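In this document, chain identifiers A, B, C and D correspond to the written order of the chains, with residue numbering beginning at 1 in each.
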Amino acid sequence: MSILLTDKSKIMVQGITGREGRYHAQHMQDYGHNIVAGTSPGHGGEWVLDGKVPIFDTVEEAKKSTGADTSVVFVPAYHAFDAILESIDAGIQLIVCITEGIPIMDMLKVRRVLAGKECYLVGPNSPGIITPGQAKAGIIPGDIAIPGKVGIVSRSGTLTYEVALALKRVGIGVSTCIGIGGDPVIGTSFVDCLELFEDDPHTDQVIIVGEIGGNEEEKAAEFVVNEMTKPVCAYIAGKSAPENRRMGHAGAIIEGNTGTAQSKIAAFRQAGVKVVSFPEEIVSLITTS
Amino acid sequence: MSILLTDKSKIMVQGITGREGRYHAQHMQDYGHNIVAGTSPGHGGEWVLDGKVPIFDTVEEAKKSTGADTSVVFVPAYHAFDAILESIDAGIQLIVCITEGIPIMDMLKVRRVLAGKECYLVGPNSPGIITPGQAKAGIIPGDIAIPGKVGIVSRSGTLTYEVALALKRVGIGVSTCIGIGGDPVIGTSFVDCLELFEDDPHTDQVIIVGEIGGNEEEKAAEFVVNEMTKPVCAYIAGKSAPENRRMGHAGAIIEGNTGTAQSKIAAFRQAGVKVVSFPEEIVSLITTS
Amino acid sequence: MKLHEYQSKSYFNREDIPIPRSRIASTPAEAKQIAAEIGYPVVLKAQVLVGGRGKAGGILLVKDENDLDPAANDILNSKIKGISVQRILVEQAINFTQEIYLGITVDRALAQPVIILSASGGVEIEELAIHHPNRIIRTAIDPLLGLQPYMVRAMASHIGLDYDLWKPLLHIALSLWKLFDQLDATLVEINPLVITTDKELLALDGKMTIDDNALYRQEDFLELTDQAVETPAEQEARKFCLSYIQLSGHIGCMVNGAGLAMATMDCIQQAGGEPANFLDIGGGANADKVQAALRIILSDENVRAVLINIFGGITRCDEVAKGLISILPENTRNLPFIIRLEGTNAEEGRNLLAQVPNLLIAENLMQAAEMAVHAAERAMV
Amino acid sequence: MKLHEYQSKSYFNREDIPIPRSRIASTPAEAKQIAAEIGYPVVLKAQVLVGGRGKAGGILLVKDENDLDPAANDILNSKIKGISVQRILVEQAINFTQEIYLGITVDRALAQPVIILSASGGVEIEELAIHHPNRIIRTAIDPLLGLQPYMVRAMASHIGLDYDLWKPLLHIALSLWKLFDQLDATLVEINPLVITTDKELLALDGKMTIDDNALYRQEDFLELTDQAVETPAEQEARKFCLSYIQLSGHIGCMVNGAGLAMATMDCIQQAGGEPANFLDIGGGANADKVQAALRIILSDENVRAVLINIFGGITRCDEVAKGLISILPENTRNLPFIIRLEGTNAEEGRNLLAQVPNLLIAENLMQAAEMAVHAAERAMV
């Protein structure tokens, strides 16, 4: 029926007393009724969301007391490294990091810590995940998608909304919609999500929304060829972008010919993935069964 | 017929152009004829041991060219961290570190890197390993043991010799003799070795030579109770030592009642492990079949 | 944030990475004095943050005092790829026998830092990367452990570096890692790292880029930022935390979200127009921020039409509408505005805008792009 | 290598860990001057590297100037557990409401650093560890990642620390980790860390131990070593890299290898004697080192017999024999020597000793111990 997030998910919010954290916790609660806890050091023992959700000082206590398995991170960028490590250490299975502006070295270290662990980190700089009709974790507006069988995975927040809403307007529903975040170093990749969608009996087809930079799309194309049975289509933003200002020669040496919209589109087409030229066009490629 | 080291082992020596490295490489070669390479930065392309063994600049090259699977580390203490990491990174399966005086923080980091890797690090500050009649890796004199079915694992170098020689004098042979090193933080533990001996069809009984400090012996006793079918006996050095000068209160908090000769002897006796009161006495506990 | 060559070299110097003698000058007179102290021949190097400055005439060799003034004048009065040169580095000229490439950056695909070494450095390194990738060796670095000596030795061995130079290379590589790690760099690069005729390693050029996200904990660079050359529009954008890049088209655009901003530009191009800029107002922008963003767009004389594309998540469409209304008095050229509002408070936003004349409301992204291209074409007539 | 309290506190101060005002004095006059500057009441604390100095009279509260001289004299003229006091720390007296324990050390069993926190610190912490272990919380630290803030918060929450003190505790804990990591410490400990009547955290005492194996890269401590109080025998031992601990028995022993040295002591005890020392000459000792080791043993007036137990691996028995022969002229008290040589060049060693009178050769370890105990008993008659 979905990947990563369901109506059974027990969600906690890290930074629930901040402006963003409180606001979106309320929206998540209204949508899925599955917010079980929040954390905010020094606020342990207080209650939020109409006095129904307890706050804890630490993730460890929140997990122990409420069985939280998912955490949505809203803390400021300079606390995010610590907050993510805290959730990993506490054994949270899904961490959705909304925070943007996290230093890249922090994320390199987080990735190193995550290696080999049974934990999905979505983001940072992610709009979150929504499983329409069931639950949402993050800031994706609840009304942009209806339940259905199309999976969406995207590097861009607003483009995700764009695609989901376009589907909704023609009555097509979504199994799960995941914004993996647009930062150079992120946790869960396109390939990770494709793997999950391929294994999800309730997803029939998958939309990838990519953008220039990095080689996640190229790797996704390779995965589609080798491992996917379900149809995949894509949109890539950035065809008109001026040539990527690379990081010195080193960037060119590392990235070679990957990273441009052209290379990504070519890779997808070679993998049999249809690529549209503007977001709303994607609707034309979805077969409603 | 043995654990960790056999006549099939392909041994390389890290630091083969140093005084100790060269001297012991020759002895290992005379004993087992299975030294396949040495490393010494800047000496790549040279040959040692009567011009029969090639030197390489790096472990990676040595492994690629000779298939080395075992490395014996003789480099100075301030290079040892780098040398051990180099061998781990190159995929060496058994690293025997003879070097003593390695800072404890370096070893903590090495242990962290080793976690989850298929690699045994014996030592540091180890006299090495000898599988009598087959091979030796390290500085254990070749003539102190004869082939047989008794496994020896010891934290002390010279006490290892003491026990092996005592057995030899009464005609009892050894499957493999391992000096795990006396430093506070080491790679392969008593328990690791007991596990290997338990699984080795050619080892009938095991001798543990322990000493005061840490709780490796206590953990070994627990393992003997829960996992071992083969008889184990032990000698613990340090009964007469003045009370351990612990590290502040922290040491006491961490170690609690473990660490003394008394606690170790008690743990072993409770586990059905016979404990002798001086090294040579161990011979009386070995049953010759 | 990119550092100038002279800034990078001052960090190299701090870590005892050998560099040629050099100092920075803003006038030919200063340059002459420095050259006299250093001794001729010297090299004058324009301090601009763009690649290929050598080919663009930004590096000149000066053999003696007579040649200095004209050369210094030449560079200081020039523009390199549109950037006017404010400072030159006056540097001891070095004789060398080989150019090596050494750099550390982030490999996004591996999510690890990588160190890169090649026996053939210099300006042709990117060509080499394409045609002879095996002559460039890269090694991934565990970000928790850091660069280890054995990795550098393996690389030195791989490129066949003379053993006498292993120790200096090791020192330089470890120092470079230290800078990368401690300064939150995303790039540290020495190209070329030369072998001098005296058989020593010397960093002849240096590039460093600092992670903008980490500037809050890198106090060194808060000062340096002021020295960077930014256009007034870029300075204004940075002040309001807007992500703005000026381009050469006629359609100004203001969008929330980098992906949607790119998609908007793509749609403009697809509809036959050219975007005048990339401008992402980020998430949750208020009316003031919207006003500032639109002011930057209006200040661009190339702009003939303004496309506003907002898909509100955190961003509230009514705030955007308020910002838009507040800037209208400054629209002295009467540029047409095309607006597409979707998502959070879109209805309220559209209501606010209903009373504003001369606004074109679009239903979706592609339509908005087409309307904008149309409007710009009419405006150009 | 243990640091004195005042040395540890100077590191605390460097990292902005709050400490009471204090200075070190070697004479009552100095102490008086410092106390005047700090203001009464003050506490005088003997700077000795042994535990339990408070109970041994090494810490005195001085209420006013009149009491200072006698108190300072008392401590400076005293011996604490056999160590004469050279210096006292004159420290501002602090009023506090609670004693906390905070320390970082190495957990051998985990092979990880651990941080330890308890709401009940002070001298009874070890009792607490035995009877109420759950009131002490320990957290393992990844040595590659280092201590992270969330770990400290979790510990603060666990011991019920007032939230107002979380930030200062976080700062102190992270600073303590920094010292542990950067100085290659095996212990950093604040006990007690007090909550003052003004509700601030203050490090009232400090202990640090530096890893001897890491001193080569910790240049700070090469100087400090000289200030440590060592006996002449210990100084001599350190000079020759001998591992020597003086004990109170009558049988001096010289052994190669720490394990064998302990086993030798055990055997002496089993045979009814008491070792006069622990002395490990390490691996590969030459004649000079052996001579130095034996000289140290001969200088101990309690020694009645000398047992030499060598199982040569790297160590060559002929070198040991040479060292022994060279020291014999200094055996003015005609102490009996019992020698057991085994392993590398044992035959050559025995041949060299064959011509030396009054040497007792043993066949194995237990026999050597028995012969030594016998000889010592005869010597005491």
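General observations
To be clear about the criterion, a contact is a pair of C-beta atoms (placed from the backbone, for glycine too) under 8 Å apart; a residue touches a chain by one contact, two chains touch by 3 or more.
Please read all numbers here as calculations on a predicted model, not as lab measurements.
The minimum number of touch steps separating chain B from chain D is 1.
Two chain pairs, A-C and A-D, are weighed by contacting C-beta pairs, with A-C ahead.
In whole angstrom, the spacing between the mean C-alpha positions of chain A and chain D is 54. Taking the mean of the C-alpha atoms as each chain's centre, chain A and chain C sit 28 Å apart. One inter-chain figure worth recording: chain A and chain B are separated by 48 Å, centre to centre, where each centre is the mean of the chain's CA atoms.
Of all residues in chain B, those touching 2 or more other chains are 109, 113, listed in ascending order. Within chain C, residues 142, 144-145 each touch two or more of the remaining chains. The touch graph of the protein chains shown belongs to none of the named shapes. Inter-chain contacts, as defined above, occur between A-C, A-D, B-C, B-D, C-D. Residues 20, 77-78, 100-105, 107-109, 111-113, 127, 139-141, 144, 154-159, 161-162, 165-166, 182, 184-185, 209, 211-216, 219, 235, 237-242, 247-256, 277-281 of chain A touch chain C in their complex. Within the complex, the chain A residues that touch chain D are 41-42, 44, 57-61, 79, 82-83, 85-86, 89, 109, 113. On the side of chain C, the complex with chain D involves touching residues 144-145.
Against chain B, the residues of chain D that register as touching in their complex are 51, 101, 103-109, 111-114, 116, 125-126, 129-130, 133, 136, 138, 142-144, 181, 184, 186-187, 189, 191, 207, 209, 211, 213-214, 216-217, 245, 247, 255-260, 262-263, 265-270, 275, 278, 283-284, 311-314, 342-344, 364-366, 369. Chain C makes touch with chain B in their complex at residues 142, 145, 148-151, 153-154, 157, 163, 166.
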